[in-house]
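First the structure, in the form of structure tokens, and then the observations on it.
Letters are used for the chains, namely A, B, C and D, taken in the order the chains are written, and counting of residues starts over at 1 for each.
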Amino acid sequence: MNSFGRLFRISIFGESHGASVGVLIDGAPAGIPLSIDDFRDDLVRRGAGTKGTTPRRESDIPKIMSGVFHDTTTGAPLLILFENQDVHSGDYAGFKDTPRPGHADFTAFRKFGGYEDYRGGGHFSGRLTLGLVAAGMLAKKMIAPVNVKGSLIEAGGESDIDKAVDTALKEKDSIGGIVECRITQVPSSLGEPFFDSFESVLSHLVFAIPAIKGIEFGSGFRAAVMKGSEHNDVIISPDGATATNHAGGINGGITNGNEIIFRVAVKPASSIGKAQKTLNIKTERMEDLTVKGRHDACIAIRVPVVVEAAVSIVLADFMLQAQKVSRIINPKNRIY
Amino acid sequence: MNSFGRLFRISIFGESHGASVGVLIDGAPAGIPLSIDDFRDDLVRRGAGTKGTTPRRESDIPKIMSGVFHDTTTGAPLLILFENQDVHSGDYAGFKDTPRPGHADFTAFRKFGGYEDYRGGGHFSGRLTLGLVAAGMLAKKMIAPVNVKGSLIEAGGESDIDKAVDTALKEKDSIGGIVECRITQVPSSLGEPFFDSFESVLSHLVFAIPAIKGIEFGSGFRAAVMKGSEHNDVIISPDGATATNHAGGINGGITNGNEIIFRVAVKPASSIGKAQKTLNIKTERMEDLTVKGRHDACIAIRVPVVVEAAVSIVLADFMLQAQKVSRIINPKNRIY
Amino acid sequence: MNSFGRLFRISIFGESHGASVGVLIDGAPAGIPLSIDDFRDDLVRRGAGTKGTTPRRESDIPKIMSGVFHDTTTGAPLLILFENQDVHSGDYAGFKDTPRPGHADFTAFRKFGGYEDYRGGGHFSGRLTLGLVAAGMLAKKMIAPVNVKGSLIEAGGESDIDKAVDTALKEKDSIGGIVECRITQVPSSLGEPFFDSFESVLSHLVFAIPAIKGIEFGSGFRAAVMKGSEHNDVIISPDGATATNHAGGINGGITNGNEIIFRVAVKPASSIGKAQKTLNIKTERMEDLTVKGRHDACIAIRVPVVVEAAVSIVLADFMLQAQKVSRIINPKNRIY
Amino acid sequence: MNSFGRLFRISIFGESHGASVGVLIDGAPAGIPLSIDDFRDDLVRRGAGTKGTTPRRESDIPKIMSGVFHDTTTGAPLLILFENQDVHSGDYAGFKDTPRPGHADFTAFRKFGGYEDYRGGGHFSGRLTLGLVAAGMLAKKMIAPVNVKGSLIEAGGESDIDKAVDTALKEKDSIGGIVECRITQVPSSLGEPFFDSFESVLSHLVFAIPAIKGIEFGSGFRAAVMKGSEHNDVIISPDGATATNHAGGINGGITNGNEIIFRVAVKPASSIGKAQKTLNIKTERMEDLTVKGRHDACIAIRVPVVVEAAVSIVLADFMLQAQKVSRIINPKNRIY
């Protein structure tokens, strides 16, 4: 289903080249100041414009269609709508029968029987993350002063990301990357034993972001080559502070009050300028395919703000459940 | 919450040294042959007895307390109960005030205010995976002929796992490992766009398994250093078969019919024979701690069957949603 | 939360005098023909225009913002949006401090701390049922050939409804009514034992309709004065047909294949032309209140189509769960 | 599914003549004192023993299998198990092919394909309410000092209930009744607009109780014959107190702080001593049927405590969501 969350629940919708994309947000407390301007920074970070990202230009201006009155949340659901404008459907018409390698074109075709909106990935498009980022912005307000910071720490295997992107652009190819996220000032006791462990719920939402192929917490895959005597973090203070942080701030699925650290692997964008082969599902013959459209040489550049959104949404829900966010916010008492 | 799943839903309960552990299974079709013997193989694989795993001996014999009639599922919920017998609570009494490094002792104390059953990890114990494995066995019957195979491919950084365990035992230490899981004969079209992507739902359940610190699908973290032209899997057949399988059988969150491959990182067990330091939460002073109890030198040895269970549970739910498992099984027509 | 359903899930949003109201529909199969015209009949039945209902005029034209391509559902979520046009906020400005008796004004104020959009009931307005009716129309297509028919069988205690409405209009008062709903050609085996009994899930959604104060199935409250020998319906045919139908088509929470019959009590609309008393929550003194705005003398007239929508939505979800609606509809094989 | 609730979630299981019945309770705060004795009063009220109820004798002693340590809840799930002892399966063996009128025998057969445990209603048995009552007892501790009081106000159409039962016993027949429930000291602001209105969620759970055929809140069905000027409750005090209480303590689906009043219709028990007709589903011929077994002449006598349990469970969940119950209970500060 296209919804996520227990007390703070988001539902996304839309298609890359349809009428709109957006998000419906349920469970936000009443009393949070909110205006269109608040969305700008995160949307710009997510958006096109940086070198290595698609030149598609959308104004990406959200419309708040419900749930806000006098620039303040009311406690009712918020519908945030992005109407699509810069739509070049023609670019994609040709791909109907030739599923682009690495994309969801083929799986969408099989799952939805040919009824899917195939233009530009349709409902599977990365453009849907606009809704995630919008919801994440509101969530960040709910969880303050918790700080969530995502960074691209590596692209194409290099820490000089700029150089890696230049090479990819030159080769009409794309590169992947690693995004690291650090969460500070996070309350302890978030997460539940087993099924709703912090890692479980967070990875659930993080894998909803297109192009993510792996996630690791704390020492992550390096933990597999460590010994218990190395990996165990010694508790040194009554507030739970540990001497090391191999666990990445989580024990038994519950936050322990230390910094939360995790990394995600972002695959290279599937759309590339280079010629590729694919099967024509009508003729059942192999064909040459050149994806014109608009591409990201390094989609990972746009991922950090989306990961931050995912984290903030998960934290908002956990903090509501843990009664660490009030159901009514009084702006007289609390500054965002 | 301690439940998971949409149409096939499991709820686990119990404590390491309390009266019982087990699982309540809801949504299993009527008509599946089921007897106590069916559980044996998977429980043995999960259980103690292999070198490198805890010498704790439980008969681990499940009792089916509901939902089965004439050795066949009825369509009503199944309660599978494991009564605890080999309980040495005395071993743990001392740890009440000295949270064991790496364990959930401290986070449990903070979250549940000192009311938690702290004995042997209580509700956070790996013993709770008995319920997962039991539910997984039933799920495997539901998803046949899909084949789910987990293997420990590396321990302590070595492929000679036996040797790595010997070293760890000698050093009174513990080692981690990598478990790989491969799923064959899996239907296409399982998973939903975004929030219920196959990776999302599967990683949600996999991170419920204690000691898991990372997961990657297909090329996983290596995808971050690949180019799009390398990573894209070319579709070569109308059934969706691809020339390579870097995506690990999933595109856009939906299974594409190819083999599903993923790996998880298992940290070294937190309980070790070596002396450690920890904070006494009453005196607020650092203390020496020696965990007597019973330890696993390499907990990862026991993980493959638990991962298989998690996968099978997720598949059972997705296949019910996709109408690829009938709500009533007719044993006359179908052999398990 | 503002969402409902397991496999067919609807989420409503909006405010009476805000930017919009509408519904987000998730889980509809791909392949259902759908155009704006399809909504007209049910929206007209729900809408203003009949004697006894509010003269508020909205074009009530839905916009399909996602999930439809070439006039056919794609399997992705549908956003159906109604932009508000005929908004007289001024009519309501005065009520901010004087909660209207019978309305949600006071409870909304207490629950949302004064941040709620109070204009015309805001998010609590009966106008929100537009989204329900729109989703119900789509659900009706999914459940065909099941027939769902709601009727107003009594208003103000009279079966001559027209006369009862005339009297109410003359008295500047409002009247309640009884709506009966009959469902024919309904499959057996819908509903689950206990928590998701057919009555449970249906009444859950029916009580979401404003002004409903009671529901009864089959003989309903009359069953309380019957004897078992009278009330028991004798099964007379292998398809489950019964000689009588006191159970209203449901046994043990599961449909038995007979006609489903239930009735709901609709209270008189709270907005009336007559002068009333209320408390001014600022001055804490009693005041006279005359609700100008626009009223329904008999809101019950508009309820049948909303009840039909609720029933159809519930049936669509149950029939998906029971695998009696396919996840992909092939219009070549199936006529709506 | 056999589970209910968002933050306080219960799952029931078991069969009338299987190994056990019971309930799994998730989301109860840590720190609630709880011992076996606490269950006694409510179980006795629910149980056999009163004139007019089945002479079946079960010790009905719950076993707490998890979630309690030192007679206090731990925050982990509680499994409450009732092992069946007084099982006369032989009484029911004959009914396999002759579904008892009014019971779920036929619908269970159709839904579960003949795999269902048919003995004494199996999973559909009223015996399953043991789990509800047990969970309700715990919920009552959570919601204190809210007071929930259910009463049988009428049986067989008479207020002299004793006399009505005598007549039914003499006639080997059964009678229905009306149960009224009043909730006092209930916080305002419980319930959500629309789908999770207080009436919606409460009626969902109430209709899970076998034999309930109708529910009405406040004036209920009488509201349908009232005028708005009569039905509207005038607010007379800043705490929300109203001059009348036709709304039954709920406006717009949200509690307004006044007493909550609702009534349910209980049908006559389907099992009667009188001879009946039914269809033999094997021979497809009509047969005479005499239900020996053990019957309740007036099942409604046992319903009040079950309704109280349902109400308390719903309140516990709503109060957790509204942050009116703490996730950790400190017995030093709070007396139950």
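General observations
What we mean here is this: a residue touches a chain if its C-beta (ideal position, glycine included) is under 8 Å from a C-beta of that chain, and two chains touch if they have at least 3 such contacts.
In this text the structure is predicted, and so the values were computed from the model without any measurement.
The chain with its Cα centre farthest from the Cα centre of chain B is C. Two chain pairs, B-C and B-D, are compared here, and B-D has more C-beta pairs in contact (counted per touch definition above).
Rounded to whole angstrom, the centroid-to-centroid distance between chain C and chain D, based on C-alpha atoms, equals 26 Å.
A straight line joining the Cα centres of chain B and chain C is 44 Å long.
With centres set at the average Cα position, the gap from chain B to chain D is 36 Å.
Of all residues in chain C, those touching 2 or more other chains are 1-3, 6-7, 12, 76, 111, 123, 193, listed in ascending order. Chain C meets chain D in the complex at residues 1-4, 6, 12, 99, 101-104, 106-108, 110-111, 121, 123-124, 128, 154, 156-157, 168, 171, 173-178, 188-189, 192-197, 199-201, 203-205, 207-208, 210, 212-238, 240, 242, 246-248, 251-257, 265-272, 274, 276-279, 281, 284, 286, 300.
The part of chain D that touches chain B in the complex is made up of residues 1-3, 7, 9, 11-15, 18-22, 24, 26-27, 30-31, 63-67, 69, 72-79, 81, 111-113, 115-117, 122-123, 328, 330.
Contact residues on chain B toward chain C in their complex (touch as defined above): 6-7, 76, 193, 321-323, 326-327.
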